[in-house]
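As written, the chains take the letters A, B, C and D, and residue 1 is the first residue of each chain.
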């Protein structure tokens, strides 16, 4: 049975760690808030580390699933970080971070004899729990092959984007932008229908069962129809963070993206209106409000 | 065998007329350019009328499939138009026109004892030929029931939007807006990938086989990846016309739609650059050009 | 003393008619709501006509100052319109209308032996009262020379745009777009300052006394700082109408204008929120609201 | 005669240093490229330092005029930086930097007994040479009073924004955003005129001599009319940098700014098309190109 380190037990990470444990991996976990790690230990018999550096051992894979670039850097190079532990590890970085962060971490790890695999995921906590994540990978070829069983235990499919450690992050950000754009487009088209006498539910039902019969339009479409954004699969501030990462990479790559500007502004307006506790789909409230519609959740 | 009148034998209309004929309907057709009608007559033994008014007969359904509001009004109220023929017809208006045009036509028909069914369709000429259209209906309830066999002979599914003759047009416009937004979003995200080192094909392959595994992303996605817009399923000027109809209805309904403004501008820029002969998916060229990419078809 | 016909005694027209009367022109006026004409007659001794056609006389200038294309067409070709009166008139059309309307009217007048001068104005009612309008002209060269004393009695300066009767309207719309864009830009920049700790008044004071020391930034800037839009110089629905005219001409000329899309949407949102009674500068509320600021007038 | 340190002899800084020298200040300068400092020394007899730390002396004002946040941080805290020299200085930071950078620098200086005045400027190199800059100040009250003679020797007016060292930077960024928006608005309206038959020069002449008779519309308007952007008063990449600073501060303050998104994208597209050597006014090329117009300088 293979030993695996795991850092980051948020709603995504906890579900993923459980799956790895159930798939027979011998898990040792670290979480900033120790309680969450203890809870997992109690339930699944995994070992708890008191700092990331304790997870390292030559040849051992260490998965990280963290909130952002800063958290990732902290876990790698901060006090008690991975780079203070044994070298030779394979760091599987599954957080949604910037391509630059991935490239920097890859370089740092490579210099000390570790290997680095970038492996961000698509899917909400339910998908993580159900092993239904879609996973993008990039980075060291041999390392990717070696950690494949771990990746396979977490998701339903893998898409590889080559050697550049930042490439998988670009793919992930590209996808999140595509999702946010779909949400805004649905929000506008349903407001358009509603104000012109066509019910939201019927309109979306048609789209999501025909031309747009795919998970994003089916699932997010339901939320945008009902306009209830209180069940949080992906928190609005994280959505805003991702759209900032999109804009930074767009700036670096010199790619004007007008839709990205609009969805960023929708999320920013939602934050300004105190909606940081809602799901990021609440960006859809903007289109309704601009149309003079006052959805039930508008003031939340 | 049921008699059916049919007006408008463009690439959509001709395929639909063929299907009605093959489904056993006894067709009498009119087309402004008579040659197309003659050709259909030669192939399928349908009768050719020399003006729309000849198609009318009490109780007979007459399908119209025309380019725009003006063409529809001409066929209904112009010289030799339907309202100069026998009354009591059921006009099945399948063109993508404004909700106002539908409402006006419905009123005119109702006043003279006709009935009016609005039935715009989703699908390109290939879908029309394959009886794979998705059809939105609204208008007179009894008339809709009566013409259902005709509708069924043309498409793979029907979605009804109630009594208002304009409602089906709102639904159709809502859908075309949703499609145009998906095209622009794909265009931006693929330019984003390309300029950041991730190939267009691989990126789109991931999206269209997972989160966005639906006809619009699969089919239009392929075009946006390849950037070849010369095979015209739906001509760019018609796409621009539709986005104008969206904006007019958005104005009437007081619905600000920032994405609609952007896709309209993309189509307008494409017209300004002489791309009126391309498929409307060529709106995607804008995102590539703004990113300094010069696709092979850019100058067309 | 020269006879002049005058149609349209709204807040602009009434002020202009008064000035013509005071400048010594012998005025005969028509207004749809007759009371306004009677009032002017009582004050200034002008004659009142009961329909536009009564104003015509060969060689006589007739000024029109109306709300929109429809009103202009009604006055020219409707029942009792100018074209039912004596021919040979010089129609000075000072309303903000579409270039197409001007071209159509010019053609109609020319055909019956009239002449047509397009002469839309910049300035609010106070400027009209103070003879401080800026006037754009285009159309028949000789006619423009002939009516110059009338133009001069109304404004402080004239800019000519050649023979095309629509050209002056294009210039007028271009200007209104430029003003609306300045309002939105000020709204965004003052919200930006306010949320980042810099007071609105001090910021605008700097701009309007230095780099932007010109009437638009000084006058509209004051309104945007104070966020009180209840004193109506130019009503919001008229501003929306003008931005629609801008977009129509932009469509006809194939000119994508992203700023125009945004200001149109701001005005449309204001209408959707029930602000049709406010001054058009209230489009600035959008930027404040999106930033989570709740100006005193926000709910009006 | 007062001793003053000066760091940064780019096109702005060199002109400003000359003015201080001519105003009787005893200047000691540092520039990363020493030649520029030597040249100034040869012309004006100023002293040349070999690193910023040599400029410090208790009570002495040190002006910095640098490209961006990074350059400023380097001069303050880098090797040989101001904080390695004598303490007690008054750092007058006149660069266009982020409010955060100003706040960080103020804190660092305060901690070691220096004082910090933020004093960014409006004006191009010609204005700097002519002592026609407009200067925004914020920061330590007593320090601002003390350095006022220096400020006065550089500009034609001062606007103060209080104690927060970042406030003057917010005001400066707000102004640059307002300028960029004016450029885009002019670009759109002139393309609108041109494609609708109204000459660019005549249209702009009207605006800049009436409603918009102020420096920004007069000066930038001339450039946008002529579409020649090769004479560089403010380089395009610096404009893009500033719009990024605007967006960062807008993000921090939670202020959606749709116009800011558009001008950023215009500048980004210009960079993507290889126009980094042009003046930032070249952002106006975007509107012309989207309208299918091919200005003479379009390919540069």
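What we mean here is this: a contact is a pair of C-beta atoms (placed from the backbone, for glycine too) under 8 Å apart; a residue touches a chain by one contact, two chains touch by 3 or more.
Since we're looking at a predicted model, the values are computed, not measured.
The chain pair with more C-beta contacts between its two chains, of B-C and A-C, is B-C. Most remote chain with respect to chain C, judged by CA-atom centres, is A. With centres set at the average Cα position, the gap from chain A to chain C is 53 Å. Rounded to whole angstrom units, the spacing between the C-alpha centres of chain B and chain C is 39. Residue numbers of chain C whose C-beta contacts span two or more other chains: 195, 250, 254-258, 262, 265, 268-269, 272, 290-292.
Looking at the complex, you find that chain D touches chain A at residues 244, 247, 250-251, 254-258, 261-262, 264-266, 268-269, 271-272.
Those residues of chain C that touch chain D in the shared complex are 99, 122, 134, 136, 157, 159, 161, 164, 166-167, 170-171, 173-175, 177-179, 181-182, 184-186, 188-193, 195-198, 202-203, 205-207, 209-217, 246, 249-250, 252-260, 262, 287, 290-292.
Chain contact summary for the complex, chain A toward chain C: residues 195, 258, 265, 268-269, 272-274, 286, 290-292.
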